[in-house]
Each structure stands twice: as C-alpha cells, then as structure tokens.
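Dropping the structures in below, format is structure tokens.
In the two assemblies presented below, chain A is common to both, partnered first by chain B and then by chain C.
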Partner chain A sequence: MSSPVYIAGVGVITAIGNNVAEHLLAFSERKAGMGDITLLNTKHKGELPVAEVKLDNNALANLAGISSKTSRTKMLSLIAAREAMNDAAIPKFSELRTGFVSANTVGGMDKSEDFFVDFLADNNKGKLRDIFDHECGSITEVVADELGITDYMTTISTACSSSANAIFYGARLIKNDLLDVVIAGGADALAKFTLNGFNTLMILDKEYCRPFDDTREGLNLGEGAGYVVLVSDEVAKTLNKPVYCALSGYNNSNDAYHQTASSPDGTGSYMAMQGALNKAGLKPTDISYINLHGTGTPNNDSAEGTAIKRLFEPDFPPMSSTKSFTGHTLGASGGVEAVFSVLSIKHGLIYPNLRFKTQMHELPFAPETEYLKGQPIKNVLSNSFGFGGNCTSLIFSAV
Partner chain B sequence: MKIYIRSAAAITAQKTFGDVPFLTELTEFDETRLMAIEPDYKDYVDPKLARRMSRMVKMGVASALQCLRDGQTEMPGAILTGTALGCQEDTVAFLTRIIEMEEEMLPPTAFIQSTHNTVAAQIALSLKCHNYNNTFVHKGISFESALLDAIMLLKEGDANDILVGGTEEMTDAAFKILTRLGLYKRRPISNADLYKTKTHGTIGGEGSIFFLLNDKPSPDNLAELVATKVFYKPKASVDIELNINKFLTDNSINAEDIDLVITGKNGDTKNDAVYESVIPALFSDNSLAYYKHLTGDYPVSMSFALWLGANIIKKGKVPAIVADGEIKNPSPKKILIYNHYQNSYHSLMLISAAD
Partner chain C sequence: MNINNYITSNVTIVKNVVYHNERPIFENRDADLSAFLLSVYQHLEVSYPKFYKMDNLSKLGWLATEVLLKDSDIKQYQPEEVGLILSNANASLDSDKRYMQSVADIPSPALFVYTLPNIMIGEICIRNHFKGEDAFFIFEKFDAVFIEQYVNGLLSNNVLQTCICGWVDVLNEEYKAVLFLVEKTKKANAVPFSAKNLNVIFDNLVIDKL
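Up next is the complex of A and B:
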C-alpha cells in the first residue's frame, strides 16, 4: 500500500484562464478573475461580484466539443479533464486499467433551474432534456464516455472538499492495485442555486474577496474545473517525460461541529493537515508552501488560520489563497488548487494572495503577497474544507 | 484478509427496522411509488432538531445509529454514504423558493441541508466523529462506490468498524419527473403483482440502509463480504457473462457452489430481459430470489439486496416473499447478488456465511 502515486498530467479552467498556460500567465500578471455577473441570469447582477469563466455556453461548448444545450458543469469538466489527459500523453492508454473519479456539488443545476420554472407552473411542463444532467453522476458519466474511460468511474460530493477527496480516492484505487491510471478532480458551474444559497448565509463579499485579511467580509463564488492524472509507479516508467511530482500525503477528517460553520479552533482542519503530514512522513517544517482553503469568510479563515498556528508555530511556510484569483469554485476548488500546487512544484512558484492589507489580529503570520518564482518548492500542502465538516488536506512532493 | 458485515439496519418500504420478524409478510402498496415506513425518530434524533430535518436525513441518521447499536460499536472508524439524487426535499424546497420569491429574502435552512453530504455530516455531528467521512453520488453505483471505499480502508489498515450506507428519498417532484422520463409504469399496480405483468416501467422506491464492516471474526457477525465488482456498459449479453464468470473465477467459486442468486428484477420488460438472458446461461440450476417488489427500484437499492442476503445467511432462512421459484437450499451459505442499473452499471456482490 506504500507504493507511490505520481502526477503525470494537469488540466484547469477557471475565470483566469481556459488552460494551464493561461493560468500561469494570469498569476504572473496578478490578474484576478472576478467581475460583475455577465452570464448568469440572476437578480444579483451588478450587486455581487463572481468569477465567471469568460465564455458563454456556445463558446464553451465549442471548446469542449459537445452540445451547448447541456450543463455548463459538463463542459467545464470535459475541457479540463481532456487537457490533463492530453498533457499526460500516456503511451498505450487504452491497454491500461483506467478510471475517472470526478467531483461536483451542483451537477446540472444550471439546467434544472430552467426546467423548474416551467415545472413549478405546471408539473407536466418543463423540457425533460433540461433535467437529464441534474444528477452529479451524469456529469461524470458523459465526460468519462467522451474520454473513453470505461474500467471505473465514480462521483464524490462532499461540498467544498469534493474534488480533493476525488484525488485522494483515485490515488487509493491505484495503491490498492485496482487501476493503473486515474484522472481525478472536479468541476462546478455557477448557478443561481449556489449564489442564492451562499447569499442567504451572508458570506458573500460585495467587494472582491480578501482571504486571510483582518477586514475580510466573505467569499466570491467562482466556477471551473481542475484535474490531475494519477499514475502508478509502473506507468510512470513508461512516460516520455518526467512526472510532475508525487501525491505523498492525504487525510480526510471531520470537524463534527456544525453543518456549515467551522469550529473556532479548526479541529477538522488541524486533523486533516496533521493526518496528511503523518501519511507523507513529513514534519511541518518540510512544507514549502501552503495553498490555503482561504475562502475569505470570517469563519473559515479564522478556523483554518488557528489550526495552522497550532500546527506550524513558530515556523510558518509561505502561504496564499488562490481563491483571490479564481473565486471559490466549490466542488472544483480542490481539483483546481491541486493543479496549482503541482505547478508550484514544477515551476518553483508561490502565488500572491491578492488584495491583502491587514494581518488577522488573532494570527502571528500573514499570507505571501508577492508572485515568487524559482523557489525551491519540495512539498506543497493544499487544504480543502467544506460544509458538513468535511476537511481534506493533500500533500504534493517533488520527486 | 476477510471482511465481515457486523450489523445492518434498514429503513425501507417493508417492516425491516427494529426487532421485527424477518420479512414474514409483504407490505402492499397500490401505486407505483413505495414510501419507506419511518420509525419513531425520538430514540435517534433530538425532536427539536428533527423538525428541521428532511426525511432523508432522519432516515439516514436513525438507520446509522441503530446499525452501530446492533454492532455494539460507539464510534465508527469512518462514515461513508452513497446517494444518487441526494437531499431532494431540501433541494426542491430551495429551488422553489428561488423561483417563487424571485431570489429575495430566502431562508437558508433548505440550502444548508441540500448538500449531498448532509447525511454523512449529520451522523458525524451526532456522534462527534472526526474520522474519515465521504459521500458518493454516482447514479446506480453510489452505494457500491462507498462500499469499495470501505473495503479499501479496511485493507489499508487505516480504519476499522466502517459505517457504510445507501440513502435515497423520493419526493413528489422527483417521482413526477421520473414518471415523465418513463421509469415507472403508466398505471397503478400492486407491488405484489410487480412480476406478473410484462409491461414497460418499474415502481419507484426509497430507503436508508447502513452496515458496519470490520475485519474481526465474531459469532455475532451477519456474514462475510467476500467480493464486489462493478462493470460498465457491456456491449452484449456475452460481455455480461464474461464479466460474471471472471468475477466467479477471481473468487475461486463455481456457479454450483452458490446457494442463492438474488437478482435486481424490477418488472420492467427491458430491464428484466437482461436477467432472462444471463440467468439461464450461467445459473440455470441455481435458486433465485428477487427484492424490488418489496422496496421499489431506486439507485442505491443494492444496499437492500445486501441487507437481505446477509440476513438470509444469518437467520438461515429464505423468506417466502422473495423466492423467485423453487428454493433448493433453505439455509443458504453462499449468496451472489446481481443487479444492473439501466444496463449501464452492472453490480455483483458475493457474500458467505462467516466462519
């Protein structure tokens, strides 16, 4: 069970880019993806900023190569998963035992919302085509079919930690010798459902979000998808280029405090980070960079920060929340940020935490605000914490 | 390494929950929707909290807690759930309010409880359980995915006493939409007559069933979970047979060693044609059982089949209401469960009497 699992490919789409290269450019230019709502049909247009992928459904469907009548979640998922698969370029892919483990929280809610308007008025109305993608699993199934993956697929939904859990589960399928290659990550499209949901909880910032800042007021919702290609040791040896890194540690712990709020001392976050370090056989001082969950809500950042203080004090590694660029992509965030963590190792990058001004009063540290390259990055800790107390941490390590 | 089903608790459309006789009578329904028989929740959930919970969450928490009590285990090493559609009641409630109230002045409760991981989260909260917690939402193999996670956790040695379950609730909206999509029969039918009419469509169901799995032998264990397998979109009947044969070979077992085959027949002509082709080819001499007339069909119904099989082994009898033809061995020791979901996902489970 101790056999290593490597990352052989990455793919990502968010408000700051449609592929890996565009993301690297946006980070170097400190270009955030938030703005006024332009695509989502909602009353909150002009009032709540979001981080939309800057392509309407026709353009996105064109990029994905599928029908524009389907859910946006599916298009985002396919674009990023395909980029990851092409990037890995695994020889004799079709002869290997392959799997697709994808996560999402909204499924095809963007289409269900259209369906429900007519359905509520008359239960015999509403285009059935609009409800086909409602289930989270439908998104995964169509994308797996498009990628030609048939040996194994499943879908995970644990709120904002969903795709970190998908990566974790995918790696274990390889370690248990059930599969050779797993494309794992997640996708979520913006939907009225989630925008209104987070709005009722009063955790959306009307300004651009300020993760880990003392004056932070909430998160900005985003959308996107991020996938990594996980391969076994044997498959890694057949590749025509070096692997990016290894997935060395992971842990899933539950805060068991409240359905939506984090415990004040970040019990679940602490256990997830500590558990991932134990799994990787690393000490806190071995971590070169932390990609924070860092949503920008008062509650998350305080709980996560408190847990980091307890675990890392007195030596705090550089850390930042890339949600200051992409917004919070919910079920996609663990996958998106796994890609950023992998790229951090590959290119020696530390991403800036945008719009940071004031250190949180309860913490003895502040996030990194500069874009740093050429850094010696050995181990990256990526945090994903969600509703239902679901806390997951992943550690990626240079090889 | 052997994996045991230590205990199981089921809230279903039949009398299966608590200290009840083992399926001695069929609870009949005269429509194409079978509703779960809900217990008194006050033994499981604070009534003040229960008022805000959907049926799905209440069924989930109650069946999980009862399963732990039956397994004399206070704290599970992990909590895993499978659900295809998730918390429908709260999802539909919030969606309805968004539309009716035009995105203004919405109460947050329905949104908070609409996430797919609410059942696993509420079980963790109720137990103050900080251990591994995961929720799988993949159509007809949501429960199977959770079960595979449980098996891997046990084999990795990172957790023991794994609580794993399948939960699904049927709402009015989901029932209407699934009926329009053609899943259910057009006319009301008694579930007692499900297999008597050869027509299109099945009957819908719901339920919550949890299992406690561990690697510790005990005379109290219900059964051994020998192996599970899922395969996807077989091209023809022969592919299905190849996959099932490989599963049997991988587990060093022949068809004649299997005392009972539980199938997922659901009364839909097209669905059942798969079994009518595969069963005579592979299991022509085996005793058969079916279960979807008891529960209705729903994406995590394999959790019921596993509950049924484990109890048949433990109690040493096959309830007459599940017998699909003659039962040659009245107290089966080895049971194969075979279900398919819309001929896309085929699922196998092999269970055996625990040593």
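Up next is the complex of A and C:
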C-alpha cells in the first residue's frame, strides 16, 4: 500500500487565534496565548497561567452555531473541523466515502464538573443535560453529524498523542481504500479535572512555560482544536486548488517505562521518529523543521532532546515548540501542531520557540528563536508524546 | 466455532495465602495486607525496587503475575503476542481514597498515578515487556462467561497468542486475585479454557483444605 495521502484542508482554534489566518498573524507578531485564568472557575485563578481560547461559552457557541449549554470541547471541535472542511472545499463531498476521526481526552468534563456541584449535595439535583457529553465519543458524534459525515466516525483517546494518532489512523483508512476523505485531528477544553491533575503531578509552571530551556519548570495547559482533511490520490485530482502537502510518514511506539514520564533516554520518542522516517523513506538530513512535542516539563524536553541528539547528530534541523504560544492543548495538540506543520510547508515558515534563554546543559543544540519565513521547507517532523509512553511522530512532505 | 484454548497456569491470592495451580505455596496469616504483600515479594526472592512504589492493587496483580508465569514458557512469545484482560469490582477505589486524603494536605503525585485500575496492567507490562492488547473491566462479580468470550475472541482472531486474564480486586483490607494464563496449546496439567473451569478455580478457594 504505497498510495499517497494528501492534506487538502486545515482548521485550528487555540488561545492565539480562532482560525488559521489569526494563527499566522500571531506567530508573525510573536504573540503568545498564555495569561491569567479568566474563564475557568477554579481556585488556581491568578496562580497558574493557562492558554485559554479568549471566548466565553456564549461567544464560542455563537461561532460554532450550536447551543451554549453544550461542552466547550464540542464547540472547539466543531469550529476547527468545519474550518478544515470548508478550506478543503471538496467537490461532490456527499458522494464520497467520508470519515471523522476525532480525538479528545476530557470529553465533556467541563460540564460534568458543573453537574457534580449540585449532585453531590443532593443526588436528586443536577441537570442531566450537563453530563450528556461526559463520554469522549459524544463530542465526535455530534460534530460528525453537524459536518454531515455518516460513513465512519471514531474517537481516539491516548493522552497527549491522541490527535496525532487520529491523523495516523485516518491516513491508514485511506491507504487501505476504506475511505476517500477523512477529517482527522482533535479537541480539548480546559477543565478543573486536567488542571488539578497536572498540578498534582507537579509539572505545571507558575511562570509562562520555557520549552527546551535549561531553567524550564513545567508546562502551561491550553485548550483548542486542530484538524486536517486527508484525501486519497483520486480525490486530490478533483480539487479546485492544489493540496497543501502529503502525509508521508507516521509511527507510534511505546517505551513502556512509567505511567506519566518518558524514559530518560527517550527510547519511545526515538523509535517513533525513526519509524516515521523509515515509513516516509527519508533520512534525518531530509527533515527541514521539527515541530517539537516540547511541553516545557523537565522530563519531556530532556527525553525528547536526548532522542533527537541520538537520531540527528551532527546535523540538527531548525526546531521549535509552538506550545510556547498555545500552551499544551493535550488531546488537541497533535492536531493543532499538524496544522502548524502543514502551514510551515505551505508558507515556508519556521516558528519561534518563545522565551528560550538558557541552553540545556545536556544537549548540543538549541531551538530556533526567530520567526523565519520564505524558508525552503520540504519535510516537517511533528512529535506528540503522551502519558503511558504513547509516542507518535508524523512527517508532512511538500509535493 | 470449535475453540481449543487452555488454562496452562493459574494463581490465587486470598486470605493471606498464595496458591499456584490450586496448591498453596506461601502463607502469612497474621499480617495486614501491606505486610502480607511485602512478605510475598520477599518470598519470591526477586529484585524489583519499583515494587515498593506501587499501590496495593498493583502489588497484588504484579505478585500474582510473577507466580503465574514462574514455570511458564512466556518468553517464547513476542511482546505483541501477549495480552492482559483483567477485571475487578472496585477499580482503583483503594488508591482513590488514599489520594483524596492526601489532597487535604499536599496532593501526592505518587498516589495520583495509581488512581486508575489499568495502571496495574501497565506495571505488569513494564515488568515483562508485554505489548499486546490489554483491557480492564469493572464488574460487580467475576464474570467468567465474559472473560471466556472476550479472550477467545482475541486468541481466535490472532490478535494475541497468549493471554493473562482474571480478577484482581483490593479495597482496604479486603482483596482477592485470581489469574489465568491462557494458551493455544495443551500442556501438562492444563485444563480447557471455559467459563466453567474459570469459575471452578475462582470459587475453589474452598481449597481452604489446607
């Protein structure tokens, strides 16, 4: 099965923009999305910075065109997935075999948290409507319905590599001739559940995160959604505009080391990157840019960096963590960063790694800190590594 | 469909006794659960410092697997060919409660990572380098019919070549672990893998015929 899979459309929403155009502007202006908590109702307000999408539920629901009583995850998902679908503008869409592969990790937890306040006090109280979306799959189903996708839908939840795995899986569905078009990616809204969980693990930075900096102390949580439209060779030929690029390589590997940490030598990340290169038939020197997982936690950046050193030394391509703009959007991050990787190829962009000052002592390379455009970008490697050692790398290639 | 799979090893840990293939191999009657689990670990004479970090549920499942695989040919399988299908009634409630107690002071990351029952499966996989299909199910009671159907499905579709399945449950001082090694080939003392035999072994801890 060597038939190519192309990217025909992209859509994204995060703390730095509600669509692709706003993201491109924010990158060029080096405008990060972190700040004090304004929307999430938590006692950590003013203490832990997060990267919120700057629209409350009413404004977000308006943009999505669905009820404001629904989960924020669903609104984010619909906004970005619809942008991707409109961007692709595939002729005769309804006559094709279409699929929606969407990832998330919190489901409708934001609403469940509201439900439990009343319910715990009195188990006859609490609005059942608020737990309707609790299950991750509920988000996917409603969004697929809104998009008019009925042939195939599924939800993937593998922590922080979730939506990279959704894209990986979507590509395989096309390669194996099961579907013609797959909208793949993921969404996650901020919730007390994730904020408190990551806070318990002591990996949240009280300052703005500093990926790949020696003084880094943790990540900032973000929220958002990112989707790509994957199409077969045949569908690509029917499009009224050129495709963005091809998804040429992908791999998922697990280092089975710890529940919430990568092995110190980054075995899983190394195998994922190496596997994706093999799949694409590329050498490390063919990679023009690496979109790092780069969460800003001491463990991730050290493990990921060590794996990159082992695989790429002595020729390190430019690399950066766009989480320095968007925060860590968890289940959405693989989709969000796939969109950034695709845009990197289309516009010749290398994104700056914000707030980098101090070289990591154990690494011989540093992330790119400048915003560079007009670069000859041929192949972009995008890393998404999740809890449970679930490591995924994707490679996007110019066509 | 004629399915011929076999239980080639089984282990039960209950009431402070460890049984391997229905024969008691260790007991420590006068210990609380934590002390008992430590004594089993010491009895097995293995060195695995990570054991000390685990919660009681993971320790119990981990120790049961050590005994289950002791004389097996598990190493002949590829990592992707070995899977785990486990179940219990109380999920990770034992650790959830301990974690909630710690929240009053400083939430403990060490406790937090064990607030999911499938973390136990992870600990067993990390120890043995298993990379096959796994799943954890919550039932009020041990459901032998479900386990039989689910595991047979994985084996007959060649998703797995061998499967560790059963029950590992802990809540406070109440606990029970019964694990089965299911393989496709018959070995000495193997019994057919059936709901009936699963239940016989599960309930037979009437083998308090000690």
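Assume the second predicted complex is superposed on the first by the 399 of 399 C-alpha atoms of A that agree within 3 Å, B and C clash if a C-alpha of one lies under 4 Å from a C-alpha of the other, contacts with A are read in each partner's own complex, and residues count from 1 in each chain.
Keep this in mind: a residue touches a chain if its C-beta (ideal position, glycine included) is under 8 Å from a C-beta of that chain, and two chains touch if they have at least 3 such contacts.
Just so it is clear, the model here is predicted, and its values are computed rather than measured.
Asks: In the superposed model built on chain A, check whether chain B and chain C fit or clash.
Replies: clash
Asks: Per the contact definition in the header, classify A:Y371: touching chain B only (first), chain C only (second), both, or neither.
Replies: neither
Asks: Just to be sure I read the superposition right, which of the two partners does A:Y208 touch: chain B = first, chain C = second, or both, or neither?
Replies: After superposition on chain A, A:Y208 lies in contact with neither partner.
Asks: One more residue to check, A:T140. First (chain B), second (chain C), both or neither?
Replies: In the superposition, A:T140 touches chain B alone.
Asks: Give one of first, second, both or neither to describe whether A:N254 is in contact with chain B, with chain C, with both, or with none.
Replies: both
Asks: When the two structures are overlaid on chain A, which partner does A:G388 contact: first (chain B), second (chain C), both, or neither?
Replies: Touch partners of A:G388: chain B and chain C.
Asks: Touching A:G197, do we find chain B (first), chain C (second), both, or neither?
Replies: Touch partners of A:G197: chain B and chain C.
Asks: Touching A:F93 in the superposition: chain B (first), chain C (second), both, neither?
Replies: neither
Asks: Of chain B and chain C, which one contacts the greater number of residues in chain A?
Replies: Between chain B and chain C, the winner on chain A residue contacts is B.
Asks: Give the one stretch of chain B, out of 207-215, 243-251, 261-269 or 279-287, that collides with chain C after superposing.
Replies: Residues of chain B that clash with chain C lie in 207-215.
Asks: Counting contacts the way the document defines them, which residues of chain A are shared by the two interfaces, the one with chain B and the one with chain C?
Replies: 196-197, 199-201, 254, 256-260, 388.
Asks: Given the complex with chain A, which residues does chain C contribute to the contact?
Replies: 107-109, 112-113, 119, 122, 125-126, 129, 131
Asks: For chain A, which residues count as touching chain B in their complex?
Replies: Chain A reaches chain B through residues 1, 42-44, 105, 112-113, 116-117, 119-120, 123-124, 128, 131, 134-138, 140-141, 150-159, 165, 169, 172-173, 175-176, 192-193, 196-197, 199-201, 252-260, 267-268, 271, 386-390.
Asks: Going by the contact rule at the top, pick out the chain B residues touching chain A in the complex.
Replies: Those residues of chain B that touch chain A are 79, 84-86, 91, 94-96, 98-100, 102-104, 106-108, 111-118, 120-122, 124-125, 127-139, 141-142, 145, 149, 152, 155-157, 173, 176-177, 180-181, 230, 232-233, 344.
Asks: In the complex, go through chain A and note every residue touching chain C.
Replies: Within the complex, chain A contacts chain C at residues 196-197, 199-202, 254, 256-260, 388.
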